[in-house]
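Alright, structures below, take your time with them.
Here come two complexes built around chain A, the first alongside chain B, the second alongside chain C.
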Partner chain A sequence: MMTNPTGKITQGQFSFLPELTDAEIRLQIDYGLGKGYAWSIEYTDDPHPRNTYWEMFGMPMFDLQDAAGVMMELASCRKTFPSHYIRLMAFDSTRNVESIVMSFIVNRPENEPGFGLLRQEVGGRSIRYTVHGYASDKPEGSRY
Partner chain B sequence: MNSSAIEIHNEATDITGNAKKRYTAGVLKYRQMGYWQPDYEPVATDTVCLFRITPQEGVDPVEAAAAVAGESSTATWTVVWTDRLTACDSYRAKAFKVEAVPGIPGQYFAWVAYDIILFEEGSIANITASLIGNVFSFKPLKAARLEDIRMPVALIKTFKGPPTGLVVERERLDKFGRPLLGATTKPKLGLSGRNYGRVIYEGLKGGLDFMKDDENINSQPFMHWRDRYLYVMDAVNKASAATGEVKGSYLNVTGATMEDIYERAEFAKELGSVVIMLDLVIGWSAIQSMANWARKHDMIVHMHRAGHGTYTRQKNHGVSFRVMAKWLRLAGVDHLHTGTAVGKLEGDPMTVQGYYNVCRDSYTKQDLPRGLFFDQDWADMKKVMPVASGGIHAGQMHQLIDLFGDDVILQFGGGTIGHPAGIQAGAVANRVALECIVKARNEGRDIKNEGPEILQKAAQSCTPLKQALDTWKDVSFNYTSTDTSDFATTPSVA
Partner chain C sequence: MNAPDYHIPGSTAVAPAADAGPHEMTCARTVNEVLAQSQVESVFDELERDLVGLVPIKQRIRDIAALLVIDKLRINLGLAAEAPSLHMCFTGNPGTGKTTVALRMAEILHRLGYVRKGHLVAVTRDDLVGQYIGHTAPKTREVLKKAMGGVLFIDEAYYLYRPENERDYGQEAIEILLQVMENQRDDLVVILAGYKDRMNTFFKSNPGLSSRIAHHLDFPDYAVDELSQIAQRMLTQQHYHFGDGAEDVFRDYLERRIGQPHFANARSVRNALDRARLRQASRLFSERDRVLDKADLTTLVPADLLASRVFQNPSS
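Entry: the complex of A and B
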């Protein structure tokens, strides 16, 4: 159990709120589609703050216009990876943006052990820090 | 022409067509010397400035405008024959339009165009030495203010701009689709390094993305800079582990000399900080040097606009902040304090939105109510993340997000550290308020009007937010702004 005020990993847009229901997730997807964003689904069992590349659950859904399609893919991802972290991401291809513009977690493992901080004393009072996930020592697929 | 007490005589009066007459030794009016060209149409490579001028009693406004063009380019007070050794017609800045400021007698807007040869490539120091140099002390003017500037793409492309930019910053931090949250460590002065780090840790673990040194925290007797950096980075890393998020704290590297500044920045980099901070008072050249350093070391540069009020606050004299923001984007900063509109510091909401546009636009459109007099093509230059900081609290979250959108850092100093249940609770209140308003906005709610209700609902399951809303419910800073935009939608015709 993590000791931060939420007791969980706080990445993404809505980690401080109660977990979003499917109806609420769909409203967020609709908002993104209305802005012309492309949705994609990513999952991981290594939620290290600097693990940029979560696994892609299929390609970004560039031509998809209906939130129901994203929800179907999400249901399929949740079924395949019930105890992984899953996030929804929206991409904006507008010139000078061309990046992710929404990202929020929609699935988490039941138990989130979080991270420890390894301190390596080096010269003088300087310390080198390593954020280390308690679950990440186990092999992929058997961490949560 | 505008109706005003003094009639504007805007006819062409220059005598540059007659070289013998023009270069006879003696004193001529500026408008005779070629600095007033009412028929001039700026070309795409010109820089165009809009000055607000207040001529001394009895000084013809067009002559005053011509004098501004002259004194900010080639002129001296008397005719010099050495002009004739140069292609002086192109070096002269040209005042080409003068209008009375709507509703303010005695003040005039003067448009002046500058040829591209007048400015050194990639140097804000050079641009400012011309445009806001001697001319601002010129006796025939009671006051002068540079209201806005349009710079040509050819000049923009000589600058590298923000070292990181707001898009890349978000990718590095892995934070998207919501404003970032920060807080300035308080009290500003007196905390030891160890106590200071405590505030950083509590704020970041509680849910903030950034903590911040204040502008006058450098290296005083109570806390040496190295001591601060060491404790702060321990707090940052510990909070990152506790939350699973990338966290940062702006380490102010401002120092007495460039050598000090570089030394501090190097140590911040060695300790793994993602961000350093500079105060505006270090000056344009130092800012551009540090932008180069930051590009080389993958560092985000936070600019605290300490001292800007001495340039920007008086409506009749100085430099508008929209011009400062444009220059800072070129000079190369990633974060820039641009006002809150609802907090304790100066700022009319529309005018403040104008500053935000200048930081974040790819192409800024003329927008007179927001004080933007010109179109500005940014030529794909990276965008600056604006920072709203000063006297704001969780209860204003809906107003802030409605005014500024997602690409902004909202900094609640007192609004975090002053929370009755402690710093972590203050951070939680702000983060929950932020997330519930973003969520509601995306769901299609009218946050401007329903904001208080949305916050109250979220507070039912979040005690820290409830405490914050109760504590600061009556706090607002409703003073009349001293810097609103003066414009007439359709100029009146006399």
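Entry: the complex of A and C
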């Protein structure tokens, strides 16, 4: 069975589409800013589906008017972590929403080995399953 | 990046939407067509109507606008038009309208399509410089990010550099500012403002900053006529007016006040009018039984102005 048929991890929005270009990312950011969202940038080298909280790259950016600010920060994140996963997230601060409403990956490593399915035999004929990223065998920082 | 092994219908026809901006005005061939499309004329009219005096400033704004319009025509004909550097420095005495013009500048540049959003972010030293090591860079960058697509207005910019303290973090803020001013000049316009002599000292100690600012605009002091016009407009806005003889008294007041220390042009006018309003209020307040009609409530009489300190001490 193939756990990673497309050769790239699919998380968040647009992940089944070809990679977004910078111009397309800029349009998405502008759309979010128009809705009053606050953008933030996060990165990780452990894209396990259960790894909800990635590392923050700087503070969430409130009160921005133009996508250029987010793009500047994204450029500096890409420079710092060229082969990490980087995602952009939009936070909607509307009362009672107060959560992330957009999230998409904007940078990924050259080679994504994907995940393996581990089966653990437990009492009787039961089997427990777990998902394990091949890349996460290596220590943090040298995975991709 | 890995190419996906699947095909999405229609995915090959991804239209590059990035360069939609310049093509909006493809058809414009004459100055009038560009002006009609950008509606910059109405900003000029507002400028002429709302701002008293400031002739050299208005002229410079017209020059800049003309350059941007011509650039637009050049782009339409496929000629190279490098985005001009529009960072500015406003110098002038207090109350000469630096902030007001900066606000207008943001709107004009937006209408001409030079900045994308046209908002103004006004900051001072406190918003840029941090309190401890490593605090300044993120703080400055955050302000710059907020200002992108618009105009960053740094009031009293000379406070950024404090030569008496060699470990002052202001220098760090200036360096980040310089970098962004140079590399992302189509993303934001920086306007520095301050009093003339102190800005000159500031630029002397930061030559890199001075040379990156193309437009040094000096705001002249207002003449008595202009100040009196400004007073009329302020009063009209607040639904007041000068009673019989009050305007002449006010001109007399201005002539005396200009000679005194700490005269702050339009700001002094505003303060003088505010104090006159106070005196008018207490004058009306003391007549408990009088029926006050609209004229009473909106008129400033000479007595309200003559009570000022300026008239009581003629020697100064």
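In this section, the second predicted complex is superposed on the first by the 137 of 144 C-alpha atoms of A that agree within 3 Å, B and C clash if a C-alpha of one lies under 4 Å from a C-alpha of the other, contacts with A are read in each partner's own complex, and residues count from 1 in each chain.
Following the convention adopted for this analysis, a contact is a pair of C-beta atoms (placed from the backbone, for glycine too) under 8 Å apart; a residue touches a chain by one contact, two chains touch by 3 or more.
All of these numbers come straight from a predicted model, not from anything done at the bench.
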item	value
Touching partner for A:98 - first (chain B), second (chain C), both, neither	first
Which superposed partner A:143 touches (first chain B, second chain C, both, neither)	neither
First, second, both or neither for A:50, with chain B first and chain C second	first
Touched partner set for A:117, first chain B, second chain C, both or neither	first
Touched partner set for A:27, first chain B, second chain C, both or neither	both
Contacts of A:18 with chain B and chain C, given as first, second, both or neither	both
Superposed model, chain A: greater residue contact from chain B or chain C	B
Which superposed partner A:87 touches (first chain B, second chain C, both, neither)	neither
Intersection of the chain A residues that touch chain B with those that touch chain C	5-6, 16-18, 24, 27
Residues on chain B engaged by chain A in the complex (per definition of touch)	167, 170-171, 174, 176-178, 205-207, 230, 233-234, 237-238, 240-246, 270-272, 362, 380, 383, 406, 424-425, 427-428, 431-432, 435-436, 438-439, 442-444, 458, 461, 464
Residue numbers on chain A that touch chain B, as the complex places them	2-6, 9-11, 13-18, 24, 27-28, 31, 47-50, 52, 89-90, 95-104, 114-117, 125-129, 131-132
List of chain A residues in touch with chain C within their complex	5-8, 16-19, 21-24, 26-27, 58-59, 61, 63-70, 72-73, 108, 110-112
Sites on chain C touched by chain A in the complex	1-6, 8, 11, 14, 16-18, 116-117, 119, 138, 141-142, 144-146, 148-150, 184, 187-188
